[in-house]
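Heads up, there are several structures right after this.
Next come two complexes built around subunit A: one with subunit B, the other with subunit C.
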Partner chain A sequence: MQKYISLLRMKFIAGIQYRAAAFAGILTQYAWGGMEILIYRCFYLENQTDFPMQMQALSNYVWLQQGLLALFMAWILENDIFEMITHGNVAYELCRPCDLYNMWIFRNMGVRLSRAALRCLPVFVVAALLPAPYGLKLPPTPGSAGLFLLSAILGFLNAVAFSMLIYVSTFYTFSIQGTRAFCLAVVDLLSGKVIPIPFLPDGIRQIVELLPFASMQNAPLRIYGGDIAGPQAAQAILLQCFWLAAMILAGRILLRKALSRIVVQGG
Partner chain B sequence: MIQVENVSKSFRVAKRNAGLKEAVKSLWYRKYEVVQALDRISFLIPEGEMVGYIGPNGAGKSSTIKILSGILTPEEGLVSINGRIPWKQRKEHVREIGVVFGQRTQLWWDVPVIDSFCLLKDIYAVPNIEFNNNLEELTALLHLEEILRTPARQLSLGQRMRCEIAASLLHSPKILFLDEPTIGLDAVSKLAVRDFILKLNEAKKTTVLLTTHDMQDIEALAKRIILIGKGRILLDGSLSELKEQFPNRESLDEMIASLYRRYQI
Partner chain C sequence: MKLYLKYLKIHVQSMMEHKASFFLTMAAQVMTTITAFLGISCLFLRFHSVQGFSYQEVLLGYSVILFSFSLAEMFARGFDAFGSILSNGQFDRILLRPRNDIFQVLATKVEFTRIGKLLQAFVMMLYVIFTSDISWTPCKAAIVVLMIFGGAALFSGLFLVYAALCFFTTQGLEFLNIFTDGGRELGKYPMGIYGKAVLRFFTFLVPLAMIQYYPLLYLTGRDSRTILGLCPLTGFVFLIPCHALWKFGVRHFVSTGS
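Now for the complex of A and B:
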């Protein structure tokens, strides 16, 4: 276990060196978050009865999403790993007395944690200063705070397990352009990145909520503000556990299959 | 002890002629050619021996190294390294070997070299005392004092290669595979690397299998050479015997070139 933790730490240390990227990221997050709040405010003022969330819950959702972007997004991918696969440096990875799946999943966690660590605080502080119901408020009860923490960890792991599937697919496709485009378009919509899932039409919404993508950020971001609570929260968390197990299993099986037929190209 | 018996490996290579028409055609119908990278090769390397593994480009040298390192699985044949089958007992096996791929890097690009070394320490679970001893020794022998705290991206090729070799030896492997370790190095670095490998083999009885196109590497390091061409072992014997066969040849390079011609590889 120590070796995987060291890998995570290494990636974390390497990641927090990039100050300019973090600064630019924070500015983007302010702008994006502010824009979203303004748009939803218009809808909310226009017709409060048909608005599927509380305005405060929605604001919490938006600001948490902006602050913790690096943890929950499917498209935070590491170019190093793609390069390793397509250019053959994966040879060195296989010379280590380690499990390749574990090595890569911990690397990923390190990258995401370093990015989130640099970006979340400035976003949260400014969002907390905004007037209600447009800013970030503390969770209503200690219970929902605890559930949020649990669900956020699971959401993070779900996102990492999903990105592992993308890495492994590179062994089969040799190019990431397709998978990456797919992720940007489809996963963003289905995970609640573009619009929160409650805003999707009935019928579609119930299905989307069951998909693994909803387990990445929909669940924790809505549990935080109490939009999902009680038995519904328990159900969402169980679903997160299920998808996490399923995606890890699928990733491991596909990786083992890929390695048995691996060809290290060139030299 | 490295035992290789009748190992074969082939690759499928997509081939097409140049041009747009051919490219469009290959969307529907793709021609594959099977390239026999290794064709029933066998050899035996006892503990502590240094062997030069030579052959023209594309002969199958790197494929052999990759099979011996547990990365590739051969279609046929037996490999046993200190009693283990590399691709089946990969994790146990790689703990005891060190590999340097001259054309690739194992150092982390954007952190100082020493950070990469410390990570390797944790990955191989090397005890503190052993790690510090190895690091001290490697630093002295490979002249790394100046560069340990430099990020890998700012090292020259020769500096990087010395660090790569050190990185492969931090866990005191019993067997070392070197795949073109002197590629692109200047004279000083080459000598340093050769000198180091000799000392390592003498002091620790490390078994070394070395592939290279630099015949001076072979002359300096290997008493025995194995020649491979088109996936077959063509020659396996001592370097001095081989030299006796070519009394008129002036340089080792010419000798090897005429060997390649003789076997038409």
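Now for the complex of A and C:
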């Protein structure tokens, strides 16, 4: 375990060196958060009865999403790993006395944590200063804060486990960037990035909420604002645990199968 | 022009060497804009209208923006990669050739994968034309075409600014994407719905409302002044200061030496 944690730390420390990139990222996050709020505000002012969330809960959702983007997005992937697989350098990785799955999942966690660490505070501070229903407010009850923390950790792990599935699938398909981008666009829709899941039409919404994609950002971000509370929150968290276990298991099995028939060309 | 066609032919040929990759990339891009379209549709299933604009009217505005943004991306993408053109010394070579520098940068890259997005914008537009209450006249059709090309000019101008600033920073300034991608994002809806401050910004600073919102007011009969239909010309006027900035940058250009 020790060695995986130090791998995570290594990636984290390397990641927080890129401050200029983070600065550009933060500016972008302000702009995108602001734009989303502007768009939803129009619909909110238009028709409050059909608005499926509290405006404050939605603003919390948007700002947390912007600040913690690196934790929950499926498309935060490391090109190094794809190159390793397609170029065959994965052979070196296999020589190490470590488990490949653990190694990759921990380094992915390190990368994501470093990015989030640099970006989240400036986003949150400015968002907290915005006027009432459009800024970021503390969770309504200490209970929802605790549940949010638990659910956020699970959501983060879900996102990492999902990106592991993407890496592992590269063993079977080889690169093909187009297919990957195509899938990630669909995931964006199903995870609540394009529009929050409560805004989906009834019928579709109930199905989407059960899919693993809703376990990434949808659950924690809605628990924070109290949009999901009580027994529903418990249900959402249990679902997160289930998908986490399922995706890790699937990832490990697929990786083992891929490695059992892998042929690394010399050179 | 003949030379540009020749460049185009070379780009098509090189692309056809990797057909599968071309179609997959195109499909992926269309998917991202289709999810955006689905997002709008979901919101309209719930709310039916936003500040009096119907689904069709909003889609008309969005398809114009998507159309012009994709056109600009397709033909003016060379500016986007300008940071690397500068840093690897390719621009020194460009300056030595007896052709216009902007022309050569434009010709370095043509993104045919954007055809998918253009097609989607076109389909959305057809849907609007056949289902909306707008009574179409040749004049109104001409205005839509003007909007598309004015918008393409405007977005190209923004790409040009992006490239011109590279002369001073050598690297691309990524946060400038806020104006291009952000403009496309807010352009999903008529630009006037976001309030006065936003509308003013997009009227006077980055005149995106001139190519989308004001002509849309005329097309949907909210405002009967025909002059609004000519607003998209601002997109072409916008190119003048952008070009000036580029010229200024070229004059200050010091080779990176590699």
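FYI, the second predicted complex is superposed on the first by the 262 of 267 C-alpha atoms of A that agree within 3 Å, B and C clash if a C-alpha of one lies under 4 Å from a C-alpha of the other, contacts with A are read in each partner's own complex, and residues count from 1 in each chain.
Simple rule for what comes next: contacts are C-beta pairs under 8 Å (C-beta built on N, C-alpha and C of every residue); 3 or more make two chains touch, one makes a residue touch a chain.
Note that the structure is a prediction, hence the values are computed from the model and not measured.
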Touching partner for A:Val208 - first (subunit B), second (subunit C), both, neither: neither
Contacts of A:Ala250 with subunit B and subunit C, given as first, second, both or neither: neither
Which superposed partner A:Ala31 touches (first subunit B, second subunit C, both, neither): second
Touching partner for A:Cys42 - first (subunit B), second (subunit C), both, neither: second
First (subunit B), second (subunit C), both or neither touched by A:Gln2: first
First, second, both or neither for A:Ile16, with subunit B first and subunit C second: neither
Partner chain(s) touched by A:Tyr92 [first = subunit B, second = subunit C, both, neither]: first
Complex contacts: residues of subunit A adjacent to subunit B: 2-3, 5-7, 10, 13-14, 17, 80, 88-89, 91-92, 94-99, 260, 262-264, 266-267
Subunit A-touching residues of subunit C, taken from the complex the two chains share: 21, 23-29, 31-32, 34-36, 38-39, 42-43, 45-51, 173-175, 177-178, 182, 185-186, 188-189, 193-195, 198
Complex interface listing, subunit B residues touching subunit A: 11, 62, 66, 69-73, 90-92, 94-95, 97, 99, 101, 103-106, 108-111, 115, 118-119, 122-125, 179-180
Complex contact set, residues of subunit A against subunit C: 21, 24, 27-28, 31-32, 35, 38-39, 42-43, 46-47, 50, 52, 176-182, 185-186, 188-189, 194-195, 199-201
